[in-house]
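Could you have a look at this structure, given as structure tokens, before my questions?
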Amino acid sequence: MRFGFTEDQLMLRDTVREILARECTPEVVRAVWEKKSPKTPYGTLAEAGVLGMTLTEEQGGLGLDETDAALPLEEAGYAALPEPIVEAIAALPVVAAHGGGAWAEKIAAGEARLSISIGDARLVAFAEQADVFLRYDGKKLYLAPREEVALEMQVSVDRTRSIAVPRFTDEGATVLAEGAEAAELAALVFDRAALGSALFLNGLSRKMLELAVEYAKDRVQFGRPIGSQQAVKHRLADALIALEFAKPLAYRAAWSVAVADPERSLHVSLAKLRASEAARFVAKQSLQVHGAIGYTIEHDLHLWMKRAWALAAAYGTEDFHRDRIGRAILNEA
Amino acid sequence: MDLRFTEKEEAFRAECRAWLEANVPKEPLPSGDTAEGFALHVEWEKKLFEARWAVVSWPEEYGGRGASLFEWLIFEEEYYRAGAPNRVTQNGIFLLAPTIFEFGTEEQKKRILRPMAAAEHLWAQGWSEPNAGSDLASLKSTARRVEGGWRLTGQKTWCTRGAFCDSAFGLFRTDPTQERHKGLTYFLFPLKGEGVTVRGVDRLDGDLGFAEVFLEDVFVPDRDVLGEVNKGWEVAMATTSSERGLSLRSPGRFMATASRLVDLYKRYRETCDPALRKEVIDAYAAAEAYRWYTFGTVTRMSQGGEIGADSSMNKVYWSEMDVRTHEAALAMIGDRLELDEGSPAAEDHASWLKGFQFALAGPIYAGTNEIQRNIIAERVLGLPRK
Amino acid sequence: MRFGFTEDQLMLRDTVREILARECTPEVVRAVWEKKSPKTPYGTLAEAGVLGMTLTEEQGGLGLDETDAALPLEEAGYAALPEPIVEAIAALPVVAAHGGGAWAEKIAAGEARLSISIGDARLVAFAEQADVFLRYDGKKLYLAPREEVALEMQVSVDRTRSIAVPRFTDEGATVLAEGAEAAELAALVFDRAALGSALFLNGLSRKMLELAVEYAKDRVQFGRPIGSQQAVKHRLADALIALEFAKPLAYRAAWSVAVADPERSLHVSLAKLRASEAARFVAKQSLQVHGAIGYTIEHDLHLWMKRAWALAAAYGTEDFHRDRIGRAILNEA
Amino acid sequence: MDLRFTEKEEAFRAECRAWLEANVPKEPLPSGDTAEGFALHVEWEKKLFEARWAVVSWPEEYGGRGASLFEWLIFEEEYYRAGAPNRVTQNGIFLLAPTIFEFGTEEQKKRILRPMAAAEHLWAQGWSEPNAGSDLASLKSTARRVEGGWRLTGQKTWCTRGAFCDSAFGLFRTDPTQERHKGLTYFLFPLKGEGVTVRGVDRLDGDLGFAEVFLEDVFVPDRDVLGEVNKGWEVAMATTSSERGLSLRSPGRFMATASRLVDLYKRYRETCDPALRKEVIDAYAAAEAYRWYTFGTVTRMSQGGEIGADSSMNKVYWSEMDVRTHEAALAMIGDRLELDEGSPAAEDHASWLKGFQFALAGPIYAGTNEIQRNIIAERVLGLPRK
């Protein structure tokens, strides 16, 4: 029993952290928000092998697993990376292993982007950027190239998330699996995307908390930093607790996915539920500590906060995951 | 105790309801915190004023109906029940006007109140400065005595709808030898003209709800001083109490929200998490509690009582209730909660997202809830300041 | 529209307050707790007409209604009166008007005590003290004298509450009503008892808050009163808010019962739900402010706190009343 | 990351589970905080010690098994899973022993540890004084140097099970010229004998869980000073961190509670409020989060890391989780929640009421949660003290 990360994993985290600190500054995130199509670190992450990390070496990847991906995904959240990294890491191994090798290679190389639509999910994210959609329609799992998907574009509260209601046709689809196998693979991809979102959310929370702590140290009212007020201290202590007790569940779920634990879905739901709750809670505390300045779109906080709101509901809302936990532990039908 | 409304009150309600039913726009107006929405809201306000519904509790000479506080509550219930537009005049009529009624000269009343109510002259508040938020007394803007008036210099911020309004009100330091609460004066000042720069600031929900106002030696005549010179703090406190308390947040507003939540639940109860039933009932109960608390306050005020520190309890209560109610709605909407205005698939749900973001401001503005809780603890419960 | 109390009502409150301040001190409550059978103010309250206040003057009462009884019941809670005053005020008008006049007179005179058992309520309170039980068994409403009721005595967490699981027989019963009329009267008595409990709970809350405020002013740690700490201030501010927003609902319900408002039950449930929640919340805040001293039975706080726990569940738990509100407002079956 | 237990660990678990299944009393013992219950608990502790399960993580020479921290966690999971009796030795083995291991002399280790683990000599904590609760450094009890030792005078309070124990440990002021954290010394002192008066204090739930201890010139030999004279604060801090952190509140305990809540829900799900399903799931998720957080801490500690201010997060978390979990249970029990021990109709529910009352102490003892949040904010987040 060992519940920690290896030196290699920490090094990979640091690599990703450095790339993002350089190439995914708040200015970059804001430029995406403002539809200015800035250069994002998508290509750099691909070069560093991050997008394809969960592919085998034969598939052109790093042969790593979800525990290796955990900290990089958290870093992506910390930087509010406006790119489908959760989707790439969740989907590529399945895509590559079932006849989608060509797409997998392109995505891992940073030359294409993938979005995911499983079951009756109403929305797809990265709708404008995606070159291909991994779709499960209840019968088969297939790759649908962008041009064959009808997208009714929507406006997300998080303007960096391009979302749409999709309508799929079979035209030009690369079928990866059918029947029971498709269902199983779709469930796996869903769990991996939910896990990735949980990790990403924890990264968002870390950043929102950090912003609030810095602000509380700097902002002087009544002759002293507001962070010396007990009410502010306790609010931020509670935010930290929410985050710190969400993180281990995400790491544990990463391990369960990596080793194909039979309770994988339960563990993923625990991770996603608590990460979503924590992120919404931390967002609220951070906003309250910032006061009016945090309530503007000139300040960076909202870039993280709105992503948190959106991701908390993506790949299963809190109620969805809570229900899934309930069915697992309460002997329900 | 008699909780029946009088015949007169019921007649007032009926008249009000009938007018609103006939006149409230069928489709919601665009947000009043955008340029085009603001214009439409002003149009609506003018209509409201013409029918004498703009300021029902004001004396008739200023365009009101001399209505009682209870009638005002009835009006508010009907107004929100009808889904009528948000009031872009509210900073004037709810925050400034009570102060003018109490401290203004006859000339000020005559000159200012009717155009304010008629939405001919629009008012923004100018309380905060970049380094004076919760700590309002640390403000730095100054007013310098000159012939016939004052020259104002400084920066005000978070001026609600300041980008669209004509004038604002706020405090300026008139006695530089004094500190904090002393030596301040309450001014009415222009948002247009020489020396004034107004920069709109986008609010969390993307609307241009705020403005920063930069003043450089802006002339303000003596007649635009409200109350005594160097007594601005005392004058302002009357207004902040209105802001937190009764007038800005009438129960009608929250009852309408609770009622919309009930309707939303009826649409989703077959599919949403069963635990949301509890949230819906609790939201309804919370709004009812607020309603009856307010009726109690109004009863006391009608008998000459003061609202006092109660306004702090009021503010903490409604602002946190409003967040919870909207959170329950978003949970019901599920993964579609992120659909913002302009989303074809949003149905009517984007208004909950908008409302949620608006609700998040509640615990912050008009004195953060942290400040309010200090006030409650110290002034109501008598706990020691230090 | 007028939502306040009359001078007469305030005077009656003051009378009750004075009686209780004199005769229902914490020492008296504690003596009941310790089964020392102290003199309680039951007799004095009867003399002042309080127990029979809701009887008509012909029935020997004061001809008052629930709005008149509201503040006296709140005072009873403030003093943690260990007597069935809620029950007397709730039941007597029904008892007197339907053939139970003799019992009603005795109870109003303070010479007997009444306990209530409606429907499938599992427990009766004041089991040891009660001389007569008002029982509704789903068919008829009757008075059962103590000697005909088999009581399996229980131990309440609040030792001043003598509770039992009762078994009723028809022997010696005075039947007050049958069929639909019985159902209606039983529902009325239940609502009146729930209302009385709500008012009593608000009184308990007021006292628990007051104890905490006094303690917070006096107790010095780190060189200053703990009440100067923002965390303590905010905790107590929240407790006050919970209480102050519970009270108006109870007064409004009192009026609805007094005028037989068709939505009486909805209003009573709102009052009881919020009073119970507030009392449990205030109890928790008060205990936390007191710290270890509040966690002993030597300190008075627990006398109020345990009554609050018990009463919050009596005459309908929070979930019961929440459900009843739901059925009223959500168009449910 | 490897979350499988090793074969050795699995074997340890199997052995532990088998022994507990065979030996845990079928009926729960009466509360260990009553005189007769305490005696039965001591009996149980002796049995536990004989089978070498009392202090698994201690070296074998003191009666332990030299088990790893992970094995200790496994033991705790099994112990609570089996519903085994509360540990009346816990103030000794969890609070005092870690300090003795770190600061004690060889003589002290040899003399004290084994009888402590064997429940032959029972230990109470003596941290608080009437005016030194949260503010421990304001304590007033003194120790005066005499030939061969010290004379202790003062009053200690909230000594858990002090009425039944043999000895206690706590801080006394040995240098009267020093203030607050300085000039204190850590003493082991008798609860029986000349100059000692112990008065039991009934706890909220009616058990005699506390004691006040009055000391009048009580002699304590030099060998009962723990650590350096006048360095008592530093020595004690090691222990308070254990109290708040890992050792006293193992995840096994909360997982067992969550699991009992799940069982309770299964009995009542047809009749209880459907919203309670959410509470049950949340309680389970909270316990799981605590479990994995702890595994993370133990992993770090196994690699030489320190627990540090994490222990404050830990304490706030488990204490508030424990209250919520019990509140959910009481809501499920409904109007029977008031049935206390000794009620024929209580079935097994009185244990939830008892547990609830016990849980309410969590946010208070071992440093109130207010103090813990200050520590988290200042030491972990780096917010300014003043």
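Of note:
When the chains are written out, they are named A, B, C and D in that same order, and each has its own residue count from 1.
The working rule: contacts are C-beta pairs under 8 Å (C-beta built on N, C-alpha and C of every residue); 3 or more make two chains touch, one makes a residue touch a chain.
Given the structure is predicted, the values throughout are model-derived calculations rather than measurements.
A count of contacting C-beta pairs for A-C and for A-D identifies A-D as the more extensively joined pair.
When chain centres are set by their Cα atoms, the one at the greatest distance from subunit B is D.
Separating the centre of subunit A from that of subunit C, both taken as means of CA atoms, is a distance of 53 Å.
If each chain is reduced to the centroid of its CA atoms, subunit A and subunit B end up 38 Å from each other. Multi-chain contact residues of subunit C, defined as those touching 2 or more other chains: 229-232, 234, 322. In subunit B, the residues touching two or more other chains are 273, 275, 277-278, 370, 373. Residues 273-275, 277-278 of subunit B are the ones that touch subunit D when the two sit in their complex. Note for the complex: subunit B touches subunit A at residues 128, 131, 133-135, 138, 157-158, 201-204, 206, 210, 272-273, 275-276, 323, 331, 334-346, 353, 357, 360-361, 363-365, 368-370, 373. Remark: subunit A residues 229-231, 234 touch subunit C in the complex. On subunit D, the positions that touch subunit A within their shared complex are 1-6, 9, 70, 262, 265-266, 269, 277-278, 280-282, 284-286, 288-290, 292-293, 295-296, 298-300, 303, 313, 316-317, 370, 372-374, 376-378, 380-386.
Residue ranges of subunit A in contact with subunit D, taken from their complex: 1-6, 67, 213, 216-217, 224-225, 227-228, 230, 232-234, 236-238, 240-241, 244-246, 248-249, 251-252, 254-256, 270, 273-274, 322, 325-326, 329-331.
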